[in-house]
Each structure stands twice: as C-alpha cells, then as structure tokens.
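Below is one structure. I have some questions about it.
Lettered A, B, C and D in written order, each chain numbered from 1.
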Amino acid sequence: MMQQALIPVFALLCSMLAAAIIFTLPEERQRLRTVINLLAALIKVALVGVMTWGVLNERDYGLSYEILPGVSFVLQADALAMMFAGLSAVLWLLTTIYAVGYLEGSPNRSRFFGFFSLCVASTMGIALAGNLFTFFLFYEMLTLSTYPLVVHRGTDKALRAGRNYIMYTLSGGAALLLGIIWLQGLVGDISFQETGQLKDVDENLHLPLMLVFGLLVAGLGVKAALFPLHGWLPQAMVAPAPVSALLHAVAVVKAGAFGIVRVVYDLYGIEFATLLGVLEPLGWLAAFTIVYGSVRALSQSDLKRRLAYSTVSQVSYIVLGAAVFGPVGTVGGLVHLLHQGIMKITLFFCAGNYAETLGIHKVQELNGAGRRMPLTSAAFTLAAFGMIGAPPLAGFVTKWTLGSGALNVGMEWVVAVLLISSMLNAAYFLPVIHRLWFLSEYEWSYQRRWGRLETHSWLLWPPLVTASLTLLAGLFAVLPFSPLSWAELIAAREYLP
Amino acid sequence: MSNWLMAGLLFTPLALATVSLLLGFRQGRALSWLGMLLQLLVSVGLWWLVRHEGGFYYTLAGWDAPLGIELRVDGLVVTFLLLTTLVASGCGIHAGFYLEPDRPWQRYFWPLYWFLWAGLNTVWMGGDLFNLYVGLELITLSAVGLVALGGQAEALRAALRYLLAALLGSLAYLLGVALVYGQFGTLSLADVAGQVRVSEHALLMRPALVLMLVGLALKTALFPLHGWLPPAHGIAKSPVSALLSALVVKASFYIAARVWLEAGVAVASQWMAQLLGVLGAVAIIWGSWLALCQPRLKQVVAYSSVAQIGYLFLLFPLTFGVEASVSLHAQQGITLQVISHALAKAAMFLAAGNLILAVGSNRVEALAGVSHFLPFSLFSFGLAGVSLMGLPPSGGFAAKWMLLQASMASGQWWWIMVLAGGGLLSAAYVFRIYKASFLERDEQDHFYHPDRRLEVAAMLLALASLGVGVSGSQVLSVMAMPFEEVQ
Amino acid sequence: MSTPLLYALTGAVLWGIGLMGLIGLRHLLRKLLALNLIGSATFLILVGLAQHHNGPDPVPQALVLTGIVVSIAATALGVVLIRRYFHLTGRTELESEVPEAGRDEEGHSG
Amino acid sequence: MRSPAARIGMLLLALMLTALLGRSVWQLSMLEPASDLPRQLQDKLAASGVEHPVTAVLLNFRSYDTLLEIAVLVIAAMAGISMARTRSLEDPELRTSDTLLRALLRWLVPLMLLLAGYLLWAGADRPGGAFQAGAMLAATGVLMRLTGLPLDFLRPGILLRIGLVLGFALFLLVGLASAIAGDVFLAYPREFVKGLILSIETLLTLSIGMILLALFVAAPVNDASEPEEGEK
C-alpha cells in the first residue's frame, strides 16, 4: 500500500532529480548528461506504465498531506491523469532524444536540459495533481521552468517573447489563484473526483460559482491559448524547435486545456456545469478560437508561426469537447488531448529538421524539400493530413467522435464549426504539402549532411515514431489501450451512473 | 535546563562580541563559527524544551515583573530564534569570506555582528516595553555601525540618514511607552494587556498606541516613511544588507505586532487598522515600481524590501474586528511572510553580492550573459525571486495563500486585489533581472567564479525559503507550541 | 497643577519643537541636537507623568538614566559619523546638489 | 531653503503633535494611578543590596537594561575608534594649547578624580553611580586634551579595547556566574550583592570614562576607505 502511494512521487522526483544533477554538470559532460536524461525519461515511462495498468484495475494511487493549515497537497492517479501523464512521459522521451540531436554543439546545454527536466516534472505534477491547489503549484512551476527555455537563445527577440509569455501566463496564474481562493472560501478544500464535487451545493452559491468558473477558465485559458488570450503563443516560436514541440504538444498549452477539462469534469462535474449554464459560452468561445486560429494560420508565411496558429485552433477542440454535454462529445475532446499531441509534435519535429538541415524557416522555402528529405517530409505529410482530419488518421477519429457527440445532444452548430475548420486546415496545410513534393527545389542557402541519412539520426527517428503513432492511433482506435478506448474509459467514469 | 539555554541566548552573543573585539578579523571569524554552532544548539534545545514542557516566562535577575524584567518564551519566539540562527549564520558565513580581512576596520565587524544578534534575541523574547526599547537601540546602533564600517561618503550619508530615522522612531516608541507607564504604571506587556481588558479608561491608550506604531513603522520603513531604507541597504556590504533586510527591519515590526495583538486590538479603531493596511498596500505597489526602475542591482533588491514590508502591514486590518480563526490565519500568513522574506531576501542579497563580485559591477545591465556561466548565485537569486513573487512552491506563496484566505474569510476583498497585483509587480522586477542575465552579448565578457563557500551560503538560504513553502504546516506548528502560564 | 505635570506638559511642547527642528533644519549637527531635544522631551514626560500623584516613583527615574546613556551613545555615534562625513566630503548636509538619479545615470568611474 | 508652504506644514504638524500630546498627558494625569510599583520597590529594596532605590533599579531589578545600555556605549566607541588613524586616536593637527588652562589643570585634575571616586561611592545611597563617575573621568581627560597634553596612550590597540569592554565583561561574567550557580541569569547571590555591585560599578566607571574619552579624542580622519561593491 505504501509503495503504491509512492509511485506518483517517484514519477515526479525522477525528472526533478535529473534536473538537479544536470544543473551541476559542467557544459562539456555531454555523454553523461545524455545518459541521465534518457535514463530518467525511461524510468518515467516505466512508472507511468505501471500506474496506468493499476488504474485500469481500479487501484488507488493516492497521497495527501497537509501543506498549510486548511489545504492539502494531493497527488492521485485516475484515468484522466494517466492519459496526460502517459502522453507527457512518452513524448518527453522522444523530445529528449530529439533535443540532444538538435542542440549538439550549441552552448548552454546544461541550463537547457536542466530546465527541460523541470518542465516535464511540472507537467507530470499537473497530471497527477489531486486538487486545485496542487494543480496550481505545478501550473506556476511550469511557467517558471519554461521561461528559460523560451528565452534560451538570449537574443532581443527571444527576450521580448519571453517577457510577453511571462506577462500573459503570470496574469493568468493570478486569475486562477483568485478563482481557487474564492472557491476555497465558498466550499472549502475539495479534491478532484470523477463526476465532480459540487453537485450538492446550496442554491445561492450558484452565482458565485459561475463567477469562479469564469476566473478559472480565464486563468487556464491563457495557457490553453483561448481567444483573446493567445497572444503569447505565436511569439514564443523563437524558442528552439524541441521547446516549441514540447510547449505546443505536451506542456504549456496542454496544461491549460487539461486544466479546463479537470475543472469541468472533476471539480464542477459535467452535469452540474451544464446546470449552471457555463458550458455554452465556453463552447462558443472554443468554436470561435478554432475558426480564428485557422484563419490566422492561413496568412502566416513563417512555417513555425503557421503551426503556432494551428495549435491555437486545434487545442480548442479539447475545450469544445469538454463543453459538449454527453459521453460521446467528451470522448471526442479527451481523445484529442492525445491526438493533437502526437500530430503537433510531429509537425514541429519536422519543422525543426527543415530548419536545421536546410535552413528553412519560410513556407516558400519548402519547395521541393520532399525529394531532399523524403522521410521527414513523409512524416510531415502524415501529420498534416491527420490535422485536416483525413481518415484513417488520428485526427479523423477526433472529429468524427466530436461531431457525432454534438449531434447526439442537438448541437448542430458544432458540426458546422468542425467542417469549416477542416476546410481551413486543408487550406493552409495542402499548399505546404504541395510545395514539398511537387515544386522544384528551392535554392537553399545552406545544407548540412550527416552520412547516408537525410539528417541527424537523433533528429530523424522521433518524428518517424510519432508519425506512425498518428497512423496507428487512427487505424487501431478500437483496440484496448488506444487513445480512443482510454478516453471512453474516462468518459464512462465521468458520467453519473 | 532552561537556565542554561537562556544564558546561552542572552550571554553568548554578548560574550562573543566582547571577546571578538579583542581579536583580529580572522580569529574573530574562527570564534564566530563556534558561536554560530552554539546558537544553533541553544535554539534547537529551546525548541525541544518548549515542545515538551510548554512555553514559559523567564524573570531576569530573579525579580518578577513588573519590578524586574520578564522574558517570554513561546512557540512564536522559538520560531524567530530559529530563523535568526539560520539567517544570521548564513550571512555570517558569507561575510567571513566576503569581507577583506586585512582592512584595519574589519576587526570591528564581528563585535558589531554579535551585538546585533544579541539585540535580536532580546527583542524576540522581550516582554518588557522599556527593555524592548533598549534592545531596539542595540540593534539600531550596531546596524548603523555595520553600514558605516570603513565606508565612503555615500555609505556614511546612508548611515546617517538611517541613524536619524531610526532614532526618531525609537523615541516615538519610547514616548508611547512613557504614556503607557503613566496610564497603567507598568512596563510589562502582559500586564498592560491584562489591564487594557478590564480598565474603563482603556481607550485613553490610543495616543500611546499610535505613537508606538508610528515609531515602529518608521523603523520598519513602512511607506511613506521608507526613504532611509534603500540607500542604507543598497550601499552596505552584501552580507550586511542581507542581515538588515532579513532581520533588523523585522525586529521593529515584531514589536509592533506583539503590542498590537496583545493590547492594541482592544483599543484600536477600524480606521487605524485599515490605514495601516492601506499604507502597506501602497508600499507594495510603490516599492515594486521603484524596484523596477533601479539601474543598480542592489537597489532593486533594497526597494523590493520596501514592497515586501508592505505585506507585513496587512496584519493590522486582517486581525482587527474579525473572527478568531481569521485572525489566526492572518497571523500565520504574516509569520510565514516574515520567515520566507527573511530567508529569500538574505539569499538574494548574498547572491547579488556574489554576482557583483563575479561581473565586477553593480549595474543590472552588467549581468548580460551571466547565465551562460551557470553561476550558482544566479540560480540562488532566481529561487529567492520565486519566493518574493509569491509563486509556488515557495514560502512566499504559502504566506500569500494564508493571507488570501484570511482576506477572503474576513470579507476584506480589497486586500485580495493588492496581493494579486503585488505578486505581478514583483514578478516584473524579478524577471527584469532574469532577462538581463539571459541576454547574450557577442563580446567576450569577464567573469570570475567567486569562492564556492560564498555561493553555498546563498544557495542554502534560497533553498530554505523554498522549503518553507512545501512544509508550511510544519513551520507553523512550531509557532503553535503550547504555552503554560506559570503564575 | 503639580510641578511634575508641568514637566510632562513641557515635554509635549519640546517634542513639537524638536520634531520641527529635525525635519526643518538641514545642518546635520542641528538635526542631531533636535533629536536630543526630542529625547529630553520624552524623558520629561516619562518622569513627569508618572509621579504627580503619590510621591516620587524611582522606576521611571532609573529608566530615564538608562535612556540618557543610550541617547548619549547614539549622539556620539552620530557625531562621529558626521565628522567623518565632513572630513570626506566637506559637507554638513545630507542632500547633495547632484540629484540621486543623475548620479545613477553617469555611473561610477572610481 | 524650504518653501514657505513646507514650513507652515511643518509648523502645523508640530503644533498638532504638541496639542494631542498635551491633551493625552492631561487626560492621563486625571486617572487614578493603577500601579503599586513604588510600594513593591520599597518592599524589596532591602533585599537588593543598595539603599538608593534608583541604583537598585538600575543595577539589580532591571540590571539587564543596564547591561545592554553599556553594550550600546561600547558600540558607539567601536564606531568611533574604527575611523581613527591606526597609530593614534587623535589627530595631532587638531591639538590646541592654552597656558592658563594648563595651570588650572594642576588643581582641577586631582579634584575631579576625587569627585569621580566620591560619585562612585555615593551611588549606593544617594544619586550618583558609575555613569556619573565615568563621565567625570572622561571630562578630566577632555580637559587634558583641550590643554594640548598629548594623549598618546589612547591608541586603538589591544589595551584600549580591553579598557573599553572591561566593565561590560565583568558585568557579563557575573551574570553568567549566576546562571551557572543555578539561579537565573543576572541574579546576584545574596551574600555578595554589595561587593559585586561595587566592583561592577568601579570597573564600569573606568570603562565608561574611557569610552567617552575615546569618542571625544578619536578623530575620524583615516584616509583609507572601503570601495563600494562592484568598484575596482
């Protein structure tokens, strides 16, 4: 029993410890640093695997101690937590491999990998947090540990982006804190629980609870890049590619979206939230963000900025799923948490590969890159089609479930939003794919070669793995342990029997 | 047992001051290591004693109050004694390697340091209003001496300004004490507290209370009486600045809080409490804003003290006319704020000193590219900054959380706005430093790695300030240790 | 009105005078003297207020003696600092002609 | 100088303070005295070892205050001598000379020393005591200094520093001894009260005299000074 409670703690500690060791390593101890990084990542994957198995068998991994009078520090692993934890553990492993290759020979790597590990530890904490207080603890830790990554290059542009990032996220954190403290004043220290905790509150608390919901969503919406709080995200693109990948697919943006999901399902409870009537505005906001992000992505000539706006749009699918009442809609939103992660990380890995190998930053420079870098471009194409929602890829599963979930409860406008968004997705991704494969080669100013491979092998494998995951998640969606079936498991536990 | 411990707390700092005056800097340093160890043992011993046998009154010279002087030892006192030991040792260790031992005036550092420590111990335990005054003066004069030690004109100017302000503050406090004595005929705070509750003329104590609070607020550098603090804390040597910001300003605040909680709440009025809170709130905003504008690193840290002190004064509105549980939360929050600010600010000043040593300049822009060298001190500075911003997981956050809870429960929502806004403003100046250190410059910059021991001292204090955040309940449990009335 | 009470009231007046001197005067020695005045005013109140009823009360007298020594020490420290400040700068006032901000801008060239 | 508005503001502030203070003093003086402290003092005076109540308070009932007060004096003295030249405390350039004063001094010095001794002795049952005696000693030194007698013995060396803390150290040792003997800190054993207080007073007189004299003589003219941090 005791060991069970300690597993979440170990999952947190293994990357914190890695961070502590890496910070003290001198810059030139590259091999040792890589070994520690990979070891910590592997251990984390193993621990998360154990916990996932346990959660499936209804084991309880809980840990709670009073950190301050009246509030507790709570870690707990439930099905939803394991979804996010699993995503971050697996993608961290891949991103670490990628980052080692990406940053080879560049300065300040001890600093980079130290904060990188801290960042993942925070993500793990967010996943396993058992109440809002604990969630907030790790949420702010994430902000702090990502700042050095965003400004890693130390240029004026990076520092400006970093300042904006901090301004947005800390203000969001303040709003979140206000919401949490208000909620605590209303109902005391409550932990996350499937089907929610607030069903039975007094009638006259409904209005304050609505306002609290607004504050919480505003605070979380900053990281989730909900319109109009998304301004920091495109600027943060100055960060190195692995950081962008992590920020968009796993850590920051997902932390916000995950937080909203937590608040809707495990704090308020989907039924109570519907009763309060707060979900409808949230849904509209998400829908608007989806369309807005896609429209803005159309006009971006910088590849990474285009991907950034695409993230703004795609993450809101998760929020939209949370706003749609009914199990099927829930599944659609939740499954996108994973699907968007693996698809978007593939795209960023590829973008990084183009930049590293051929110095490509603009969309028009991609002309003909497919022949020069076929494997990378294949991965990119696969992920882009996934984003558009082409069957049988992961994105299709999302959109299909989300759409049918909305239809079940009579929200036809959601289907319309999905259709518009898919068309817009196609409109900004298809030209890129066209350029990759069918246009003649651009005159690249610089080209690097690594032996027979089209690029450094540590840069090549991660996108290939994630791209194939995109395919597999779509093809085998009905098998156990696929993202879809895990999301269904969560949804089954979230609705009142 | 208690005799030995009390003698250890009262006697050893004074004895060390005396002996180290007869020695040179290096021998004084060696002696001081021993003294720090002893203080650590004694304060831990006292903690153990109070935990098992409860707090007690200790009558000095064998004469009971009100004729004699009475010291009060309870959980809160033990908390502060432990904090003092931790912070003062950290600063002392840093100073031992930071100051240049061969300057003739440095031999006076250790005596002044130990006199300061003796004054702090006296103030934490003091139960006699006049004795508190003497303790305060002991602290003030040794602090001024430390600021001025061997200094140039700028340091002397700061020291003089500090001296004048602090003396005026002490005298205002003493005037309040004189009025209290005229009214109640006793100097023992416990007696005054008892009489205030039964006397029909208790409200006549108001002018005395106001005078004491104003005087102590001046010594604590509450806005708008803060003008003396930034020059003094900015110009002193870094370990001295650390001591001043971390402990010295807390001593006068501590007295104000004790007077307020034991006697003040019974006679004060709502507008007094709110006014003090408002001044604190303005200090938070104004101090943070000025910190943001400072071109020199240590001035940034010094102005941040002005802002952080503002938080302390939220104690007054949050404990006046509220339920006991809310008042308790507020007191716990303020205690955590005192502790975490002491640790974080000491760490920050020490780290700032190391950084200045490393880059050879006190200017913020000179930090460009420092993070490249991965100095420990920058990391310590950063961790301390986390606590000052009130972000988790740090003591500053724990304190903020408790204060937010108290404001929420007492319905004084306006302090919530102040707390949230203050956090953002402090983030602005802390991130300004981070930003400066991350900037990459092309030219080759000069960088010296300071002595490892200097860096470790700063790091340990910074880690301790984070530790308070993850063990808030444990820290507060020391404060809640039982007190048994011996009478 | 008894004599001790008169002392106490005199103390109140002296406090006002001293405070005005401390804030209004610029010469450092005068400021220090003003502080001394305030100190004496405080002692007058302390002694005067306490013993207008039933004869002398030795406790405040002893307190005042302690207070006097403390204020002598503080004054001495102040004078020492002022003398050294004067020795280094030739000035007797705190406020310098160059505003603080200007000094920050030009930086140190020492 | 200050603007007229500022002056009027200051005047108003001072007047307001005076008025409020006066009112408060007046109101408090109307109250019945709540304390029986003087009576308690009378009751316990016999046990204190000195006959004069003020001295009893200073050196016995509230001896901790007095201990700290001496510490404050020592601090001031340290600050004073830390700024003097390392060879000699005084600055020869500031030396003055006066023949008349010197002639007077032959008479005055022995008289003043005698007076100091008397003040010390009288402290037990009349106003007087260590501080007054020490001040008298210091005044003697000041006179000598003003007549131009070189005070070369006042060097910031080990002897001076021992002299400064001698009284304080004894006071402290007695305090410690009482704690070791099992009583509370600073409690004098009954049998030795008188002797202990007298010896503490004597050494204190010497130290206080030296402290005050050092503060007067020490010329803060040491030309070396600590550079600001970050300056080379």
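Just so it is clear, a residue touches a chain if its C-beta (ideal position, glycine included) is under 8 Å from a C-beta of that chain, and two chains touch if they have at least 3 such contacts.
Because the structure is predicted, anything quoted here is derived from the model rather than measured.
> If you tally the C-beta contacts for B-C and for B-D, which one comes out higher?
Looking at B-C and B-D side by side, B-D shows more C-beta contacts.
> Centre to centre, by mean C-alpha position, how many angstrom separate chain B and chain C?
That gives a centre separation of 25 Å.
> Indicate the whole-number Å distance between the mean C-alpha point of chain A and the mean C-alpha point of chain D.
Chain A and chain D have C-alpha centres separated by 71 Å.
> How many Å are there between the centre of chain B and the centre of chain D, using C-alpha atoms for each centre?
29
> When the centre of a chain is set as the mean of its C-alpha atoms, what distance in Å lies between chain A and chain C?
Averaging C-alpha atoms per chain gives centres 64 Å apart.
> Spell out, as numbers or ranges, the residues of chain B touching 2 or more other chains.
67, 130, 134, 137, 141, 144-145, 148, 152, 175, 179, 182, 185, 362-363
> At least two other chains touched by the same residue of chain D: list those residues.
If we look for residues of chain D contacting two or more partner chains, we find 21, 25, 28-29, 33, 37, 41, 62, 65, 69, 72, 75-76, 79, 83, 225, 227-228, 230-232.
> Mark out which residues of chain C touch at least two other chains, giving numbers and ranges.
As it turns out, chain C has residues touching two or more other chains at 8, 15, 19, 45, 49, 59, 63, 66, 70, 73-74, 77, 81, 84, 88, 108.
> Pull out all the chain pairs that touch, please.
Every pair of chains in contact is listed here: A-B, B-C, B-D, C-D.
> Could you please specify the touching residues of chain B with respect to chain D in the complex?
The contact residues of chain B facing chain D are 3-4, 6-7, 10-11, 14-15, 17-18, 21-22, 58-63, 66-69, 103-105, 108, 111-112, 115, 118-119, 122, 130-131, 134-135, 137-138, 141-142, 144-145, 148-152, 154-155, 175, 179, 182-186, 195, 199, 201, 204, 207-208, 235, 237-238, 298, 353, 356-357, 360-363, 366.
> Over in the complex, which chain D residues touch chain C? Could you list them?
Spelled out, the residues of chain D in touch with chain C are 1-2, 7, 10-11, 13-15, 17-18, 21-22, 25-26, 28-29, 32-33, 37-38, 41, 53-58, 62, 65-66, 69-70, 72-73, 75-77, 79-80, 83, 131, 212, 215, 218-221, 225, 227-228, 230-232.
> If we count contacts the way the header does, which residues on chain C are in touch with chain B in the complex?
8, 15, 19, 22, 28, 31-32, 35, 38-39, 41-42, 45-46, 49-50, 59-60, 63, 66-67, 70, 73-74, 77-78, 81-82, 84-85, 88-89, 94, 96, 104-105, 107-108
> What does chain A use to touch chain B in their complex?
For chain A paired with chain B, touching residues are 23, 27, 66-71, 73, 107-108, 110-111, 136-138, 140-141, 143-144, 147-148, 151, 153-156, 158-159, 162-163, 166, 170-171, 173-174, 177-178, 181-182, 184-185.
> Please name which positions on chain C make contact with chain D in the complex.
By the definition above, chain C touches chain D via 5, 8-9, 11-13, 15-17, 19-20, 23-24, 26, 45, 48-49, 52-59, 61-63, 65-66, 69-70, 72-74, 76-77, 79-81, 83-84, 87-88, 108, 110.
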